[in-house]
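After this come two complexes, each holding subunit A, first together with subunit B and then together with subunit C.
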Partner chain A sequence: MVRTFCILGLCTVLSITAFMVLGARGNWDFILVFRGTKLLALVIVATAIAVATILFQTLTSNRILTPSIMGFDALYVLFQTALIFTLGGFGFSSLAPELKFALELCLLSAASLMLFGSLIGQGMHDLFRMLLVGVVFGVLFQSLTVLLQRMIDPNEFSVLQGSLFASFNKVDTTLIALATPLVLACCALAWHKRNVWDVMALGREQAISLGLNYKRELLIGLALVTALIATSTALVGPVAFFGLLVSAISYEVTKTHHHGPIFLSSILISIIVLVGGQAIFERALGLGATLSIVVEFLGGLVFLFLILRRVRV
Partner chain B sequence: MRPHPAPLHRTSALWPIVLSVLLTGLIVGSLVTGAANVSALDLFRRGESGDILLVSRLPRTLATILTGASLAVAGVIMQTLVRNRFVEPATTGTGQCASLGLLATLILVPGAPLLAKMAISSAAAFAGTAIFLVLVRRLPPTQPLLVPLTGIVYGGIVGSISIFIAYENDLLQNISVWMNGEFSGVLQGRYELLWASGAAALAAYFYADQFTVAGFGKDTAHGLGLSYRSVMIAGLGIVALITSFTILTVGMLPFVGLVVPNIISRFRGDNTKETLPLVAILGGILVLASDLIGRLIRYPYEIPAGTIFGVLGTVVFLWLLFARPTRRG
Partner chain C sequence: MIGIENVTFHHGKSPILKDVSLTIKKGGITALIGPNGAGKSTLFALMSRLLPLQSGKISFDAMDIRQTASRELAKKLAILRQDTHVASRITVQDMVGFGRFPHHQGRATRVDHDKVSAALEVFDLTAIAERFIDELSGGQRQRVLVAMAYAQDTEYLLLDEPLNNLDMHFARNLMHQLRDLADNHGKTVVVVLHEINYAAAHADTIIALKNGKVASHSKTDEFMTEETLSRIYDMRVKVRTVDGLKVALHHV
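Our next item is the complex of A and B:
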């Protein structure tokens, strides 16, 4: 275990150094600030996605589901579009970003608790139905988003485009000041409750008979997941299979189900994949925005592999 | 997939009549809707209005009906062959493979004639679907929902390969045109490939009984004296052709082949030969209705039929998932 973490830590340091140093020319005062902000954003996103995915998988007691596969971030994008649609482009841009974000967060929390709370309740028995329902919901949210975008005035659409088309290499850094403390607070709470999640992972009946207030913890967990996903989506947009890729690797390398080490390793792996991948793709290969496509490809393969393995067992 | 029993009350004549009336109404609606003021009767007069109808409105209407009908039939073929209610070109990677093939021709042989593009994209669709079906055969039959789930992810993987290649070659626009069905560009002389798609769907009608038998499995099919292999190849070939014709002319419309056959089978049972014409008509109705809604909802601007159907189709898909009891799948 200690060796695993040493290797992971070393790789993290290497990726961060590569990200900061590779291809850097000119004034270091500028580079430090410019790349440092971007690095901070990527680390925040990586952390948020890793913790949210691990937590969500515990709450739904399986290792295939992730919030993104269930359409969480598609729902967030839909809300953002709907806000512009109802408020108009001008109303939307005159809102303070903090207020906007808080509003979107509240809407998303309410909707996700309604939607996924009921799904988690009944879907326990039938994982594959729940997965398929989640995937189709994701497609529905995307279609609704496209429909709303088509209904919006072209002028107002440009406002939306500016706020939506964030990606790994075009991070929206205006929200960093808000996102950093939020993600840190969520992670601190998740870390503080790591033993609770260990008990939750035993299953509903076991957890209740061990004296856990199951419903309350489930709600807290879902709220944490929602906040983390909303933050990461606001910063870089939907990430599809990224969370799954991270959680699958970290369960594979740590070979434990204690949440302490799992949280740590998944955060490190997430940073390595995101920051290291970005360094390699953007700086070394000059391939622009294709990291997210490669993540999608690999994550899809991992997803199929996990499903087929589960069927075998 | 257990067949639904045919309803006891025989109302065989009612469905075709109701659907035909609906379709006729929509056709008239589609002919008179648009920026220029034209009445349906102008079709029989000479002059500018008649030209608008002949060159633009009529081809567009026919294109939507042909697309809807043939995609719905493609869905029935796949569902019968695989014996799973949730397979169709968008949940088996067929569409994504066809567009990957098309992308390959664009990059490797840029000046290829239309027919060559067609052939390569159909071959890619065929091969991709065949690979998926071999993969899926290893899944347990007790988990029917696993097949579309695997298929959607499989399609996503193939799609991400296409997007990667397209991104590096500045062809992203093409991919988005192929994957989003839209009829606003349809004019006389630019949609005629869809008639071939309709012909392929018609051919399926004559194979219908053989598809049903092949769906029982290799051994049963052989026992009944049917060459399983050739029926499978014929069925998949028809599906691949319909998919690539559609992608090349108007773009993919996901879930048409899933939603329409399921609605029909809910109310009319599973006798493929009897229900296939109904499926084709309903497919035409739904796609034409989506196109018409897209033209009216933000008049005089247009919203692609694929976007409207994306919402309608997924809602019906979810309804099917929730409404159908688990054991039936």
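Our next item is the complex of A and C:
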């Protein structure tokens, strides 16, 4: 275990150094600030997705579903679109980003707690039912989004595109000041409750038997997941399978059920993949390919692999 | 003492339990039996707070389950459901260790480790303590769960059809272990059973439910009569005494 963390830590430092130093020419004052901001954003996103995925998998007692697969970020995109639809492109652009973010976060939390809070807890042991529900929700949200996008003014659509087509290359840096404390607070709470998550992973009945207030812990966990996913989606846009890739590797290397080491390792792995990958794609390959596509491809493969393995068992 | 007062439970419109009142004395093994759909598992779920009470009152000694914090109840009663599925890869030792959670809330002390070792010893799990529970046979896994409930160190132990999936060897073993817990460790064991002969051989008291009502509540010996069994299961059941033990010939 200690060795695993040493290796992960080393890889993380290497990735970060590569990201900051590789191909750097010119004024260091500028480079450090420019790349530092971007690095911070990537680290925040990596952390948020890692913790949210692990937590979500614990609450639903499975290792295959992630918030994104269940349509959490499709819901976010729908909200963005609905917001522009109702406020208009100008109103949307003139909203203070902080206010907009806070508003989206509240709405998204409320909606996802309503949708998923009622679902999780009853039928959640049935993996295929959960998958189906996720697919149905995802398609529903996407279709509604497309419908709204068809109906809005072309000018406003361009505003929408600007706000949705965020990527790992073009991180929305204005939100970082807001996202950093939020993600840190969520992670602190998740870390503080790591022993509770260990018990929650045993399932509803065991958790109640061992004296947890199951409903309360479930709601807290879901609220954390929502806040983290909303933040990461606001920063870089939707990523479907990245979280799955991270959680699968992290369970594989730590081989434990304790949430302390799993949180730590998943965060490190997430940073390595995102920051290291970005360093390679931006500097070595000269933006010749897109990191998100490769990450999604690998994550998708992991997803298929896990599903097939599960089916055979 | 477990007090159940005027408990009524509806699932949608259909009544599952109709005004059930029972007093289960402290100590010994009490078996809860009855035909399918009699409401045994519902009553079990209500007692173990897995389902919210709709009306009536259930209390363990002075603790009303609606008034008492779940964490306090977890030190009073341990529950064991049938076919508990666990997604994570957990070793036998860690799983049994979870039984101590109500006492240490995640920060295990020396005492907790000792109790876990003792539980592993009692249920003959020390040799496989490092194995993962998803690699075990059904019987071993069941034993792990019982050991976990034992490590929880509560006065009351509630089990819902623990003999499901167990072959006759493990089934008898488990009943002997429950007997030992009741006789030598002062636990009060309440167990939902399907097979009447296990109840007859190992329980002190038998409570029979039928159509959501208590059909009979008596000492095992008094309960095992052809008349009572025939009434409860709506079929003729012969009862014979073999080696001083009353046996229901319900399968022939």
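Everything that follows uses one rule, which is that the second predicted complex is superposed on the first by the 309 of 313 C-alpha atoms of A that agree within 3 Å, B and C clash if a C-alpha of one lies under 4 Å from a C-alpha of the other, contacts with A are read in each partner's own complex, and residues count from 1 in each chain.
Everything below uses one rule, namely that a residue touches a chain if its C-beta (ideal position, glycine included) is under 8 Å from a C-beta of that chain, and two chains touch if they have at least 3 such contacts.
Note that the structure is a prediction, hence the values are computed from the model and not measured.
Of the two partner chains placed around the shared chain by superposition, subunit B is the only one that A:143 touches, whereas subunit C remains out of contact.
Once the two complexes are overlaid on the shared chain, A:26 sits clear of subunit B and of subunit C alike.
In the superposition on chain A, A:212 contacts subunit C only, with no contact to subunit B.
In the superposition on chain A, A:199 makes contact with subunit C only, while subunit B stays out of contact range. Between subunit B and subunit C, more residues of subunit A are touched by B. With both structures placed on the common chain, the touch criterion links A:181 to neither subunit B nor subunit C.
For the contact definition in use here, the subunit B contact set and the subunit C contact set of subunit A share no residue. Contact residues of subunit A toward subunit B in the complex are 126, 128-129, 131-133, 135-137, 139-140, 142-144, 146-147, 150-151, 240, 287-290, 293-294, 296-297, 300-301, 303-304, 307-308, 311.
Subunit B contributes residues 86, 138-140, 143, 145-146, 148-150, 152-154, 156-157, 160-161, 163-164, 167-168, 254, 297-298, 303-304, 307-308, 310-311, 314-315, 317-318, 321-322, 326 to its touches with subunit A in the complex. Listed in rising order, the residues of subunit C touching subunit A in the complex are 48-50, 69-75, 78-81, 84-90, 94, 98-99, 101-102, 105-107, 152. If you check the complex, the residues on subunit A that touch subunit C are 61-63, 125, 194-196, 198-199, 201-206, 208-214, 251, 255, 257.
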